[in-house]
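One chain, subunit A, appears in both complexes that follow, with subunit B as partner in the first and subunit C in the second.
Now for the complex of A and B:
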């Protein structure tokens, strides 16, 4: 069993590795980002990326200032360079809201500003905000996926093994949820709650809403598999010797469908990431200044913003990359291996 | 030219929203008009007037030979009809009526002969001449509607265009809902006294005006850039796009100085509001409001929100209104150190850089603004960062306009509000905001009696300003009001954008003015050459 799983994961090595990089860099956003997500520089609105270069023997960044505020042009202040320091003390933060620290992987002293991917309208560092945004999107979608899996698997098992009116009730309810376009359903759920909630409350609501929308599809798959497994001899045998339903689910049915679940999991995560991004893009998700991939993208939706700071569209690229990677991961896991064993 | 939405009506008495009023502005005129250059009152349909009886009586003389666009003559009977049977008719749902009242009483409008109109008021009323700019309507067309009692349905957007009869430089030619409004020159137009035509061209000079309905600002920007329109109102943010292509797309960007629109933050000082009592105590504390005013980085707002094209607002009278602006009033500078001192003097204290009141409540404020305006949301975010520096935590809640209006005006369930109002030229128009009984007296609407001594003084200043006719005396009265506003800060003013219009080089007769846009007189505009497609 273990060897098989290992083989599957080897096959999906590439997407898995890249996703892991995304996840880990999001997880350590505070450390990898030189600035906090809400650290503003009003004088450097829409500054383009300025990469550090070797200057007088050290890695340094030039100090920039605005030369044309209307066209967002910047110039280097002549002779003003600040060195890039590594593993340095910068803006204070609490890692994951718990551990207090000031340690950053790299930073520069004011008035210099590191701008790896450019700055947004308030002079906030896009690189830093993307890292925080990736973490938010990952954590939100993973928790929403876990929640919807819990509900979906349980509902599917009950429906699939129970049969009869329970099956009818659960599956028809699920179909009602699936019939409504998910974005509208999400917006509707969000609208039930008053505006002006704190970020934590919004996050919880969004997790709940995404799970609420996502469970039905999974329940349907699980039910199908559970129904076919129910006819298998080993299940009938277990039933005959009086094993409880919980025992049958835990020992016989779930292990036999674990593989389906794994694939379904990888394929449904991108749906949740897009769902979160969509809500935030529409202003219904997490509110500024807290970044998520969706609301960073929303900043660039007007023509002037797109012209002044095309780099803000990178958050859209990140969404696309993550979604593609998850789908690739799902595909790779689903593909039959070389020996022809179907997954 | 593009307009943002469909007109709702072609009836000047019923029009309230800007698209209708913009279109009707080309079709109708009043007895007087306001000079777009300095805000002074100039003749329009009336050729002159005489004020007598201490300002209680004005005699207007109409221009001779005026014709409606269908060729019928216009005389004093049309004027009396317009006031008596339309504006003062309780059965007509007009928003204009309240402006044509003094102390709740209508003006008396009489005629003498064919060309003389006498207007009397119960007491001297300073803005009277300005209010006489309301559109005069044709009696011979609209009287039947009044008699049938269905005037509120008259001249709807379904009316055939030729039935809309006016005195303006243009007449309605065609209206395709959702697409466009076409106006053509009015053959019977007679320009007001003192307005000169552009050389070599009668008034109006343009034969046709096409207004296309484009609800999305980005699409109308693109339409302008591709040469499909000739005039476009530019927001400062769009300068970054338009400025580089100015030459190749053959247009001028005309900057006309600060606009009249006012943006501000205000606090709920209403003792009847359903808020914790201590919060209302903060908001009623003058030093608290002053501290906030000193913490706001207006330059950052100008640079970021207005793209560097705007200025800080000093007080309630826009700087563009030279006649009433108090030169002594300066915007509050950014001074966080002084702001902290203000808070401490106002009874607050700092613990680890965070602000607490004397009862130990952390200063945390919910700031409302409307979602429709990206500019306001950005200003709110800058404000949030500014106030964090002085230890105040702000939570921004953008709401849809209608919801916001309900919370602010009806349920009083708000703490801090970032909002804007369109400015007015005559301070009299500010009375709904500044008089303690006013419905837009946002910080404490519709007070039964002035709640604070300075509000009582502002009330009496506005009453005096209304009845004083001498311009210098009025200026002194409103100067005093601006000083009080600057000291008490019920509204903390933020920034106002420059007014910018992009005008295609093929248009002539364009004169940028601070109050009337780049086209103060549409009649003087002419076409010089055609844009050749490149």
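Now for the complex of A and C:
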């Protein structure tokens, strides 16, 4: 990439690349995961990670069975090994709910069970569920951020360029939203809808609710920048020759604040990811068996569960890593470069 | 000066009525009302339902219902909780002190950690202390409070140093005085520390950049040239001048802290507002939910007022209306 935008992105390429890896792995969850998110093995509840090893010249995993169902102890079935196959045909799926396929990057034949990161209480594969969860969290946050950006930018532009009573109305409304602790408002919105809705409905509600809670902060930033740009000569000139408000916004104001918007977008995404995870963690978001980063973490809420399957805490670590990467990205975009030019 | 106070008060009233309107709108948008369950009962005739609707004013137009409700709220009547069978206001008053205790302790802890560390860390920018504290503050910003709380539970389970669940243990509820106070602090320690660690990062980064700015000012160089001791430099020159941005963001900080406190309360079973709200949402106890929203916003607004007052005391510039 060239020019100013290219420079910013070059500076931030490391966090950007890792985030892209996360996003793409989530996108191809069906292919990268050996099992569906709801594929259960009740006999292998809380089985720890068992890594494949080279055995009689091939990559194989041992077949495990439970030896103590109370303490979740497992033993290897003697002499029983199953080979790990690559680019193989396994459980059928529809990629993104559309394209029908059976292709997986790797799989093993039953009775063997791949357990890269461990299994949960129903014997579902954590690795597979994390991939699906990452996709869900990313897609939901991105749509919520986009929605809140649409509303926030529009409200900020109208308030900043319109001025007068409309400015007062929008900014006071924004203040109302910012005066309510965000989690309280999210819970209030959730309370309006009955419990036990389908996953699609809950997803839509969560997207709407997160956007509803998040637009005000952005509107304030946009309003401030728009107000100062409004005084610039090129805007006044455009106004004088009779360009419409839409023209002024699209041609003169938005392009000049695109950099602020980019940074604001980057630093607001973590809030949405944590918001989604938090709601699902509390059981107000997507419900079982559908995985999100938050409700996988919710499975390890009790001390016994944490002791039996500490690997379930990995979903929290994934949230932390994604948030760190977004914060790093935001910082890299903001900080001045080596020549001292402010970002 | 009086003008500024009046304008602020007017804003406060506007924002408060906005919050009231928003929460009323949410109650109104929810499907059905407290009579709909009764209406489904075949033994209750439609006439009785109609009479009750008139009695409770549910047949009035929307804006009149809102005005009625607002009048009731101003009289301290927030409605009735159907899951606890208690007036909402009574429930809120039993929970607010515990949430406030948790939040205030966390504020004291996080400020008490972040400010001295920032003053010391920023006196050698990019030194080992500054680097490790910056890395730590990165982590603190990025770890969601509910995850940190889970790790806290794990710590408590592994070491047995902290009790988990509730604000008091069974045995000490009756015993007042010193033993009871100690028990409360013992229960409070881990939740408050969790919350404080979560807000440490933002405070440290802010205070650090503020300290760095003060250090580059001529008056600081002059004070140094006069040969004042490190202690006086830090306390009288750095700390007092660098504190303003921290006080300014206190309001925003408090919002995050209240939300974070709700998560922490749920994981540690601390009987505060957050747990009450979650239970209310789960049982569709709408009036309790809205009461919770009102109480949460009120705490936030009061915190903001407090921060403004503190800034007024700390910074003479705000008193002359230069920035106000």
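The rule we apply is simple: the second predicted complex is superposed on the first by the 341 of 343 C-alpha atoms of A that agree within 3 Å, B and C clash if a C-alpha of one lies under 4 Å from a C-alpha of the other, contacts with A are read in each partner's own complex, and residues count from 1 in each chain.
Following the convention adopted for this analysis, a residue touches a chain if its C-beta (ideal position, glycine included) is under 8 Å from a C-beta of that chain, and two chains touch if they have at least 3 such contacts.
Computed from a predicted model, the values in this text were never measured in an experiment.
Of the two partner chains, subunit B is the only one touched by A:38; subunit C is not.
When subunit B and subunit C are set side by side, the one touching more residues of subunit A is C.
When both complexes are overlaid on chain A, the residue A:189 reaches subunit C alone and has no touch with subunit B. In the superposed pair of complexes, A:307 makes contact with subunit B and with subunit C alike. Within the superposed three-chain model, A:287 lies in touch with subunit B and out of touch with subunit C [touch as defined at top]. Shared contact residues on subunit A (touching subunit B in one structure, subunit C in the other): 195, 283, 303, 307. In the complex of the two chains, the subunit A residues touching subunit B come out as 38, 40, 42-43, 45, 66, 69-72, 121-122, 195-196, 198, 283, 287-289, 302-305, 307-308. By the touch criterion given at the top, residues 11, 14-15, 18-19, 22-23, 26, 29-31, 138-139, 141-144, 146-147, 150-151, 153-154, 157, 164, 255-256, 258-259, 262-263, 266-267, 274, 277-278, 280-282, 284, 286, 289-290, 292-293, 296-297, 299-301 of subunit C touch subunit A in their complex. Interface residues of subunit A, counted against subunit C in their complex, comprise 172-173, 175-185, 187-195, 270, 274, 277-278, 281-284, 297, 300-301, 303, 306-307, 310, 313, 316, 319-320, 323-324, 327. Touching subunit A in their complex are the following residues of subunit B: 218, 221-222, 236-241, 243-244, 297, 300, 303-304, 307-309, 366, 371, 374, 377-378, 381-382, 384-385, 395-399, 403.
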